[in-house]
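Okay, so chain A shows up in both of these, paired with chain B first and chain C after.
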Partner chain A sequence: MTRRTPLVSAAAMAGLGIVLLAHVGAEPRLLASSPSSAGGGSGNASSRGGSSSSGSSVSGTASGALEQYGYGELAVKLTVQKGRIVSATVTGLRTADTYSQQIAAQVIPMLRKEVLAAQSAKISGISGATYTCSAYATSVQSALDKLHLK
Partner chain B sequence: MSAAVLARHEPVMGTVVSLRIDHDDGDTGGLEAAVEEAVAELHRLDRIFSTWKPESPLSRWRRGELPLEELPPEVPEVLARCAEAKMTTAGYFDPWAMAGGVDPTGLVKGWAIERAASLLPRDEVLGTLVNGGGDIAASGSEEGRHPWRVGIRHPWRPEALACVVELAGGRAIATSGRYERGEHLIDPHAAATGQPRGALVVSASVVGPSLAMADAYATALAVAGEDERPLGGVLAAGYEVYRIFEQGREEASDGFPFLAEGTTPAGARHR
Partner chain C sequence: MTFEPATRPARSSGRRAPEARPAPPPRPRLLDAALVVVGLGFGATVGSTIIVETSSQLQAPGGVAMFLGNLTGMAGTYLALVMVLLVSRIPHIERILGQDGLLRWHRRLSPWPISLIVAHAILLTYAYAEASHSGLLAQLASFVSSYSGMLIAIIGLGFMVLAAVLSIYSVRRRLRRETWWAIHLGMYLALALAFSHELALGPSFVGHPVTQALWSIAWAATAGVVLAYRFGLPAYRTLRYRLKVVEVRRETEDVVSLILEGRNLDRLAVSGGQFFEWRFLTSKLWWQAHPYSLSARPKPPYLRLTVKAVGDHSSALAALAPGTKVAIEGPYGAFTTHARRRQKAAIICGGIGITAARALLEDLPKKSDPAVAWRVSTEEHAALAGEVEELVRRRRGTLHVVAGNREDVSLHRVARLVPDLRQRDVFVCGPESFVESMRQVLVGEGVPAEAVHYEVYAL
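Our next item is the complex of A and B:
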């Protein structure tokens, strides 16, 4: 067995927001609207109509579907300006018990921050994700779908 | 010819399963049909194996209302895999030690996802990825460009990743840890002796050919602490292991497929 250096590089930390989005298959499209990825040459061939640094012109607000996550349910409301997510808020959060409530209270602000901060990293999934993450990601995606940011 | 992505997100088995097919542009009718078939299979298996649904065949068997012979053939198949995992892990994966009767849940999710993934086309597409709450089965590559890259969740920081791995050659990954609701993490040995075994494992990831087995092995390694007997069995079975212990110590088997140092998850993001 090999010992590894301490946990978590900055690069890795940048990843989760995308993980959430990539997890729901949205990241190639989001990448297209992220200035930081422009000229990266990553060949996001799946971003149909992939705009580069000019970004998408999509603006608006949409609420995602109410998603079950095993121990409760939540919905995410997104506001998009010129193709970038500028706000993500949890609009409907019901949890089955106090413990789940505590977990959700800790996790959701972090998920929100990451969705806003990291729209450009590139991995395709996350192992060990929580139920909450999946529900959040799915609701984000459905809100994006409504905004046609895809 | 450019790559395109077909994605589906299905609430099933108490989580959301994401199915993704990367393919060359063109007619996707056949791919969509395959995804439908895979999703239908997940629901069918959930109906058989759910321990939350009192009417499921597994629940009825657990209550003694159905004999084993009358169960769908998938149940004995899963129990055989469970027996194999119990042997490999020196008894740390033990569905027969669960309170409330035999509970193969620790293997079923990975097994069901593996099975659904096997229904997706392999040869005529660039790659497939099926992710059920962090249990991930991969084939091919992402957009034909590089092996699938998967982050492992950091055990204490939900916003961060502990590391990134590459899944090549149809391999799968499962992660089990104490950061989630951990009632399913029951140490059958500690229950018997009352003795914890050294430092706790807070996160165990297993990479290998079968997601069903990886799922069970990750569960076992997460409860085994520093008892290295299950680790030896899992490595001998051809699986790679990455564990994070309390206080942050990390250990990985030599072949664990970390994304090479210096390769960021963003890949081409950095020119």
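Our next item is the complex of A and C:
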């Protein structure tokens, strides 16, 4: 019993040390990456209902691609019922710094309202958050594509 | 020494019945290895939240709360995973610490995950509200509407806090076992509900597929271990041994022995002093499992447990009909002769604790010179006295039975009935209060703590 506490503590320090050492020298990836919309890859879709042509009877949920936008990355998940977008939630959000985090936290609820109102990815930007808005819109569009909507 | 049912005497054929096998010995190195892995995991979990942090993030307003919120969330959830593993009945670990030892660790750890996770929720709501220049309530609403997995995570937190509040202030002493069990199911549900928001929003995971994979594997493996050892293995053993009651034998006024018959019992590895969680499949009792020790080593095809009527469940057992099917979980417990460190052994027991002692005595070799001290309330309550006497006599040991309650017979007097107490391994069994007090008495008498072996039937 008595020698077990030091054993666990030493292992914990070792685990911490290994992770920190492995990180030393590694570039902050987010800041280095350029705005892009790789599309494809990540995310998954599941949809039920009729085929895409009319669009009106599509129901389902799809996660949009994780979009990198220079100050961070985000992904949006859409839920569609009978062709209408009923929810848009962020499934991945990481920012390079707190200022970007503040902007993201501020604009994400606004962007959600815009998507629900416009029923598409065609949303007007919000000044001061151009990259965040465009990443949000791109991710929404990739989710719509997966659902074969618009 | 036999306990075959009266209605079916031992088979008269000259062949000896097959012996039951003893439980495999514990391997303490495995525990050390497991603790190293758990420690490494904790360090890496904490480290993963530190390396994604940047100094500009920390310096901005709300940044420190954001960082601490992530850190407490990760550390608390990791410790919750450890708590789940502690009660997952992994046989290799259970053999070393015993069920009661694991539950003690589980209980000692329990305040940490809950307080860290509550701190996480408060810190991050505050930090996000700061970041978006909104109030705490507005921020909560935005969490639910705009972020994936947050609604169910908040519901999960509700379950967790409810379960914790019900546990604090020893409320559990007044709760039925089954209620306590249901609350714990709520905890499992809470952890499952929280999982989605961890991967979707945790800074250690977003954009880090390797950390995501490791975290998912750790939780999937934990869930697998729980399912395998808490449900799969008991179900397998129940079906393999197909136990059923063949006789209910009255030992004293309030003690009965249940004799069970099963198949393949020569393959069941169990040592004297171990217990099972028994579930008697009648319409009234099937939903509750209770722990009772075997009161003798198995004699295939028979097993025996001996039970004192103290609660609803134990009282109902006297009325069981022969033929009742029995489901088992176990065997559990490290209260076996594997715990011995010295040549000579003593057993000190209070009241009905004799049932485990009786089975343990069977495993003690003659050279251990067993000394048994047993306190009973009255001579008439000394269940199994004849069997204990004969087992001690065959090993040329000593047996002292003293009658009287706590006021009449002090624990010191009971302990001093054992000759050269300090040179022996001392096995203590009986009601929880007896075991706790006797351990202190023994330490006071100069018995080293590592020579005192005991098991408390915890919930």
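Note that the second predicted complex is superposed on the first by the 84 of 150 C-alpha atoms of A that agree within 3 Å, B and C clash if a C-alpha of one lies under 4 Å from a C-alpha of the other, contacts with A are read in each partner's own complex, and residues count from 1 in each chain.
The working rule: contacts are C-beta pairs under 8 Å (C-beta built on N, C-alpha and C of every residue); 3 or more make two chains touch, one makes a residue touch a chain.
What you see is a predicted model, and the numbers here were worked out from it, not measured in a lab.
Touch criterion not met for A:L78: it reaches neither chain B nor chain C. Between chain B and chain C, B contacts the larger number of chain A residues. In the superposition on chain A, A:L66 makes contact with chain C only, while chain B stays out of contact range. Applying the stated contact rule after C-alpha superposition, one finds that A:I126 touches chain B and leaves chain C untouched.
Across the two superposed structures, the residue set of chain A contacted by chain B and also by chain C is 4, 7-8, 11-16, 18-19, 23, 28, 99, 106.
By the touch rule above, chain C contacts chain A in their complex via residues 31-32, 35-48, 50-52, 54, 56-63, 66, 128, 130-133, 142, 145-150, 200-201, 203, 206-207. Residues of chain A that touch chain B in their complex: 1-4, 6-8, 11-16, 18-19, 23-26, 28, 36-37, 39-43, 45-46, 48, 67-71, 99-100, 103, 106-107, 110-111, 113-114, 120-131, 133-135, 137-138, 141. By the touch criterion given at the top, residues 4, 7-20, 23, 28-30, 66, 73, 77, 88-94, 96-99, 101-102, 105-106, 108-109, 112 of chain A touch chain C in their complex. Chain B meets chain A in the complex at residues 2-5, 7-9, 11, 14-16, 18, 20, 22, 129, 131, 133-136, 142-143, 145, 148-155, 157-165, 173-177, 179-181, 203, 205, 241, 244, 248-254, 256, 264-271.
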